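Have a look at this one before I ask anything.
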Amino acid sequence: MAAQAKIPTPPPQKQRRYGMVIDLDRCTGCGACMTACAVENNVPSGPPEADERKGINLMRVFTVRERNSRRTAFIPILCMQCGDRTPCETVCPQQAVEVDPLTGIVEQMPQRCLGCRYCMAACPYQARTFNWWDPAWPAGMETTLNPGVAPRMRGVVEKCDLCHSRLHAAEDRAAAEGRRDLNPGEYVPACVEACPTQAIVFGDLADKASEVSRLAAQPESFRWLERLGTGPKVYYRTRRRWVRDLARQGGAAPNQEVTRG
Amino acid sequence: MSATRRDLLLMTAAGAGVGMVFTPVPWKLLDDVSIWTQNWSWLPKHPRGEITITHTVCPLCPAGCGMKVRRVNEAPFAVSSTPGGALCARGFAGHQLPFHQSRLRTALHRGKAAPLAEALEDAAAAVERARRSGAVVAVLDQRPGRMVSVLYRQFLAGFPRAQYVTLPAPEEGTLRAVAELTGRPPRSLGYDFERSRTIFSVGAPLLDHWGAPGRLLRLWGAPERKIRFWHAASGNSRTAALSDRWMAIRPDSEHALVRGLISILIREHGAGAGLALPASLSAFPPEEAAARTGVPLAQIQELARELATARPAVAVGGGDPVAGPLPAATEQALSVLNALLGALGTPGGIVERRPVPQPTLPPGLPAETTLARAPARSIDVLIVDSASSGCAWPLELIQDKLAPDAVTIHLSAFRTAWTAQATWTLPVPAPFEAWEEIPETPGSRLASWSLAKPLFPMPEGAISPEAVLHRFGLPEDQTLDALLQAKAAAIEKAGRGVVRPLAEPDESSPVGEGLWDQLTEGAVWVDDPEPAPRPLRAAIPDLPDLPQVASTAQFPLLATPAGSRGGAGSMPSPPLASKLTRESHLEPAAGEVRVHPRTAESLGLKHRGRAVLATPKGETAVVVRTDPGMADGFVEVAIEGDRGAETLALFPVSRDGAWRWSPAQLRRA
Amino acid sequence: MFPGVSGFEWSVAHVIFLGAFFTVLVVILASLTAAAIRYLRAWRERRAAAIRWHAEFEELPPAERLCRHALTGTAPGRLCERGFDCRTCAEHPAFAAREAQGLVAVPNGIDHSPDRFYHRGHAWVEPQADGTVLVGMDELAERLAGPAATVELPPPGAVLDTHSIAWQVQREGAVARVLAPIAGRVEETGSREQGWLLRIRPEGKLDLRHLLHGPEVAAWFQSELERLQGLLAPAAVGPTLADGGLLVDDLPTAQPEADWDHIYSAMFLRP
Amino acid sequence: MADMAVSRFPEPAVLDKGWIPRGVSRCSTAQFLGWLSPWVALLLLGLYAGWMCLRDGLYHTNMDHRFVFGLWIFLDLAIIALGAGAFFSGFLFYILRWHEMGAVIRSAVVLGFLCYSGAVVVLMVDVGQPLRAWFTFWHPNTHSMLAEVTFCITCYLIVLSIEYLPLVLKNRKLSQIPSFLVFEFQLHKVMPVLAGVGTFLSFFHQGSLGGLFGVMYGRPFAYREGFGIWPATFFLFILSAIAAGPAFLMLTTWLTEKISGHRLVRGSVYRLMARTSGVLLTAYVFFKCVDTVIWLNSTSQQAGFRPWEFYAWAPFGSWVLFLEIVVLGLLPALILLRASEEGPRRWLLCGAALACAGIVVNRLVFTIQTLALPTLPFDEFRTYLPNWVEVATFLGVVAYAVIVYSLSFRYLTLFPQEKELARATARGPQQEEIHVSGR
């Protein structure tokens, strides 16, 4: 956000729809994306009481087991950047959520957030987290904070914004070089960069020639809870039938073959 | 009338209220409230300044992955992998480690803070006493092969009785057994996975922080990959999930499985033709392997067929960074299996690693022994080096080797379960605060060498291990810097290998003048591969049978320690590793056990319920997590964080230094 | 919220939403302002006493609000709607005319004078030749107060409204406020011993139509006695009505257990 | 508060007699303070718990990323629905001119004020940044049901405070101050306007509270189709609230009667409220059934969820639906309708209690069950139990309500019929009977 003020030339004008395709067959569940994300976005390590219920993971890798065959899939879940009817945007009482019309990124403004958590209830992906604690770092560790991202205060909701500060930095660089538009690959979120198996392909879905558009259009690609009509911009792909079958269902039922480990 | 006066006052007040709206006061107040609520003074201000980029290697574990570090005002704020690299989840947050809450700022005497000068003097006096009395002085080195290891050995050479003890990396387990079988020195072999077609891991977490993580993940994730991964283990680990085939064997039945495979290979596939094979090898009934592992015989036969046909095939044991090494007998069986697969000294198998050119060292340096092989109660003074292998070790392993009234001196940057037991703990620089040397990665087939740069200045009150050794009597002219320079010179002289800049690994250059400068700027020296591996000859020994761990009436379940490399070693995890463990349960979190839902149900336990885990060695309070990926009757006990050492102490250590299994009991708290 | 504030847009939804909100705010504020203006106006017009009486009259239970013609049986069960001010009542003249013919006073042991006009709050008015009126407490009020009570009178010169509080009668633990039967300026204060309490110069032309007079007074006293008995009934262990229906002189002393605060409020028309 | 009219023994002193309305009897001051003291203790505990959350953050609660709404929101919704008696009786009394409602309208206003102010206090603890609450007014998102709720509740709370003010000013002591009395009188004159505004506001936010859940198309369990911008829950919440309002009023009036030991309103008022509640509840149950059928067979299936899938998780089985619609919906509706014609008082109260419980269960389903159910196919079902901080904070608000209501009952005239009924009782039971059956 700080970078916004520095842009000397007008920002790129091309209409973009940033999205990603996550290849579940390449995800090893190592969690590098999670820590890289936390480092990039100045997410503190929670106090000892912070567990999966209250700790902040803007991106979280789920371990999904198929009950009888003991097959496992690792499914990274982050903000799906819903583009059609963004459930969190419409419910926020004070416009702290905005879909950037230029990039399609769903932005959360922590400075305006009241902390009512209605958006979290409305999000079908549970991709939003609440700051239950004051953010705290051990003495000295604040020197290791990312200067491009402001730490969030207690009592506000936060979520993945596709490393917005990286987008700004890339736009600044492009502007300094006199370009209006970004080159593909010039801006990638931290998780995409961190993945040791390059399972995440990131790019502009509006650009039909991009790798991400090509992959998203393939029959092996799908989105979670597509039938809710929220138009997520995060796609998944897998050759494994049982994982694809999961996506056809809505919620899970206890008698189903799948459960989270 | 008083009432009208009151009215007048009321009118005045109301008028003032309305009038106030037209002054800047309320709006300024509104503004200030808004700014104040949005920016709290106690939130850390993120630093500003010029952003620079440094390339170096990660010093957290022996893998030494390449790192691209973004820094502001010299302070690192984010890291990422170098091209082609694969930093692990902990590596991404490693630069925050120097600020870990358990960071030591003073020396410790028996776990209590003590001034460094005093502790150093007392410790030096104890070492001096040992030198004069001829007591046994030992150094425990978790990362052998570094020049500082040489320095330790030079230091030990000044004592009448000394031991240089190492804790070998788990990747080296099978390699060491093969080295013994073929008469090679330790740490002289590596796996040639790049040319393998079948990789069979026996309990080795190949796809999870094994060796240099990027190496195997690259092979696993290669498009149109030809290599098939087979994995035999009881636990539903990430490797089990990612392997092409996972054989969920019964606990502690690795030995039986390997024996069964050997037997089938000899009987059905004619393996070992041309080798002198003891008859007992083929006498092991495959049916027993099936019975003991709980895996259908057909599946074992299928594996044997694939190993025999889809060659090069290699079997990898070695154990786990947390669950510990496999029993020595199993490693021996694995080395025989590799011999039968023709994997010894052949492409795609276990090959010799060319030794790194070394400077000429003075004679009389003490030889290396593994901690498991050190005589019991033999060490009077133990100095423990700070560098961690990222693996968990039971404290019992050390304690057994200490003489009564032994003195232990830990060099550590953090307060850990180990330092709590130490006589003295001397605060040394944390990772990223001093130069760290990364020799070849365990398990690799190529020698390599790199130096991790300090990203922070060494804090006041810390003392380098080298300075400690000098204070303890190492002659001042023997310095680490001289040794490192000498090694660089030796490599330059040998003229072998290439130098890969970390920023652009593809632009490697042959070794020439200026290797030292290149390394300190951020590069890796990698040895040239041998043109053709030399076959390794082995005499096949008879294999002893190994009893399998069994549950008892009192302890009806079988428990195994579980965790990730770096989760509970002799050094804490980076603070943000909590995202992986207790904040997401992607990895086991401290104080947790995982069981199959059926097991939980039969014990009256609930998901997230509290329970007590008991083994013959004690008990601890745990939280239960159910996981349908687990085998019934089997408990995975998380070894993580501060509690890791305490929990690991529940597992009995066998004579050959293994602690993989324990009968256990789980009851509702 | 306003044009120019971040988040404001000229969309239909926004305009309708905020329009509704501001309308509601305006209605609330307008109502409050209206109340405040009316309050100030009433205050300026010195209608406080009238308003007090009006409000308190509304609060009176139906039994205390019976029309005077209901007491006489002319209009059974009729409730007064005008705060006992028959001067503004349209029906009163008709009822009064009917009663004028054949109402017979029934003696009930309470003395009352045919010269006096009685207020429902137990004060009487006796017009004097000089155009002033004497005002005092009736016999029932005297007995309710008892000889031990002290009376607090307004100073001469004070202006009283009809149904405003004229004087207070104080006994231990209980206060009775007696309502002024007519409006006017206090000229002189008397005492219980003198038999009158205030000499008042009425405001404007003397109009006593709202006060009880003649045979209906007896009927009213009868109903008041019954009411008093009802109020005393829970504690009716001591003597109330002396032999043959004669009231004792000092009721509070005779009935110490009774809730005199309550009885005063009921008998002197104070909710 | 408990006291009996007469005692042969010397009665304990009522030291605050000058403040108590004339014509009614109240217990002794000591007894009253004794009654208040446990509630004050509870209030202090609640204040402490709430302060902990405000000072340190909401980690003191047992809420988490999944259960972002916990006990607080659930009970807020419940008490706001029950507090609907305030606006609805105001509507009946001032707009439809049902004069009989005058017997409970003041109590309804106080209850409404307590329910709403209590809910707002809890909300202020519940949001992460209460100091920014005004941002909702400053940057309102008009598409958000929550913005609508915030606006309406704030305005309605103002209206309720204005409605409460005259009751306070009419206190025996305060009304002696002439200006108070006059102001009260003039305020009373504009009350029908405010009652009208209150009805409008209340009507909308009761609906918006339902809409809050009905619009969450990301949560197929809660999502409902509807008319225009309003989902079906918008209307169902209004209907259920106005059905429950009179029932709650009956219960509180009865409780006050039991605790104080006084008759407060005539039996006919109970019957009137019971009939009103019964008719509305019947309508509610009908529309709820229609809604449920449409939702199960169409709405949720379009979102990719199988029918009855939501009810496959213990403990929220399909019995919840049965409980909500039949046991706590249809049954009390029938009881109320039948008993309002004839039958003993206890059946009326039983029906009212069931009706209130039904509304509470409905709000529980929409808050807690909605959040407990997973949406992602591999996510898990979660359960949640409030911890002591949440319970204490809420009990603090209950204590606040009890204390203010007790004070109001003691010092203000909440039930205009009380005095009369007290006299009637004093006069004899026969006369009272005439009143009771005289509807």
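We just call them A, B, C and D in the order they show up, numbering each chain from 1.
The rule we apply is simple: a residue touches a chain if its C-beta (ideal position, glycine included) is under 8 Å from a C-beta of that chain, and two chains touch if they have at least 3 such contacts.
These numbers were taken from a predicted model, which means no experiment stands behind them.
K.L.:
Determine the chain that sits nearest the middle of the structure, using the mean of its CA atoms as its centre.
P.N.:
Centroid comparison flags A as closest.
K.L.:
When A-B is set beside C-D, which has more C-beta pairs in contact?
P.N.:
A-B
K.L.:
Provide the C-alpha centroid distance between chain A and chain B, rounded to the nearest whole angstrom.
P.N.:
That pair's centroid distance is 30 Å.
K.L.:
Whole-Å distance, chain A centre to chain C centre, using C-alpha means?
P.N.:
Distance between chain centres, rounded to whole Å: 76 Å.
K.L.:
Let me have the rounded angstrom distance from the C-alpha centre of chain C over to the C-alpha centre of chain D, please.
P.N.:
38
K.L.:
Roughly how many whole angstrom separate the Cα centroids of chain B and chain C?
P.N.:
Between these chains, centre-to-centre, one finds 95 Å.
K.L.:
Give the residues of chain B touching no fewer than two other chains, as numbers and ranges.
P.N.:
Residues 3, 7, 38.
K.L.:
Where in chain C do residues touch two or more of the other chains?
P.N.:
Touching at least two other chains: 6-7, 43.
K.L.:
Give the residues of chain A touching no fewer than two other chains, as numbers and ranges.
P.N.:
94-95, 112, 134, 153, 259, in rising order.
K.L.:
Name, in rising order, each residue of chain D that touches chain A in their complex.
P.N.:
Going through chain D, the ones touching chain A are 56-59, 64-66, 68-69, 126-129, 132-133, 135-136, 138-141, 143-147, 150, 212, 215-220, 300, 302-306, 309-310, 312-314, 370-371, 373-381.
K.L.:
Where on chain B is chain D touching in the complex?
P.N.:
Listed in rising order, the residues are 3, 6-7, 33-34, 37-38.
K.L.:
Can you list the chain A residues touching chain B in their complex?
P.N.:
Residues in contact with chain B: 26, 28-32, 34-36, 38-40, 42-43, 45-46, 48, 50-52, 55-57, 60-61, 63, 65, 67, 70-74, 111-112, 134-135, 137-151, 153, 190, 193-194, 196-199, 259, 261.
K.L.:
Flag every residue of chain B that touches chain A in the complex, lowest number first.
P.N.:
Touch list, chain B to chain A: 38-40, 42-49, 51, 72-73, 75-81, 85-93, 95-96, 98-101, 103, 207-208, 213-214, 217, 220-221, 236, 238, 240-242, 246, 248, 574-580, 582-587, 589, 594, 625, 627-629.
K.L.:
Taking the touch rule as given, give the residues of chain A at its contact with chain D in the complex, in rising order.
P.N.:
My answer: residues 47, 49, 53-54, 62, 64, 75, 77, 85, 87, 90-96, 112-118, 120-126, 128-134, 153-157, 224-230, 246-256, 258-260.
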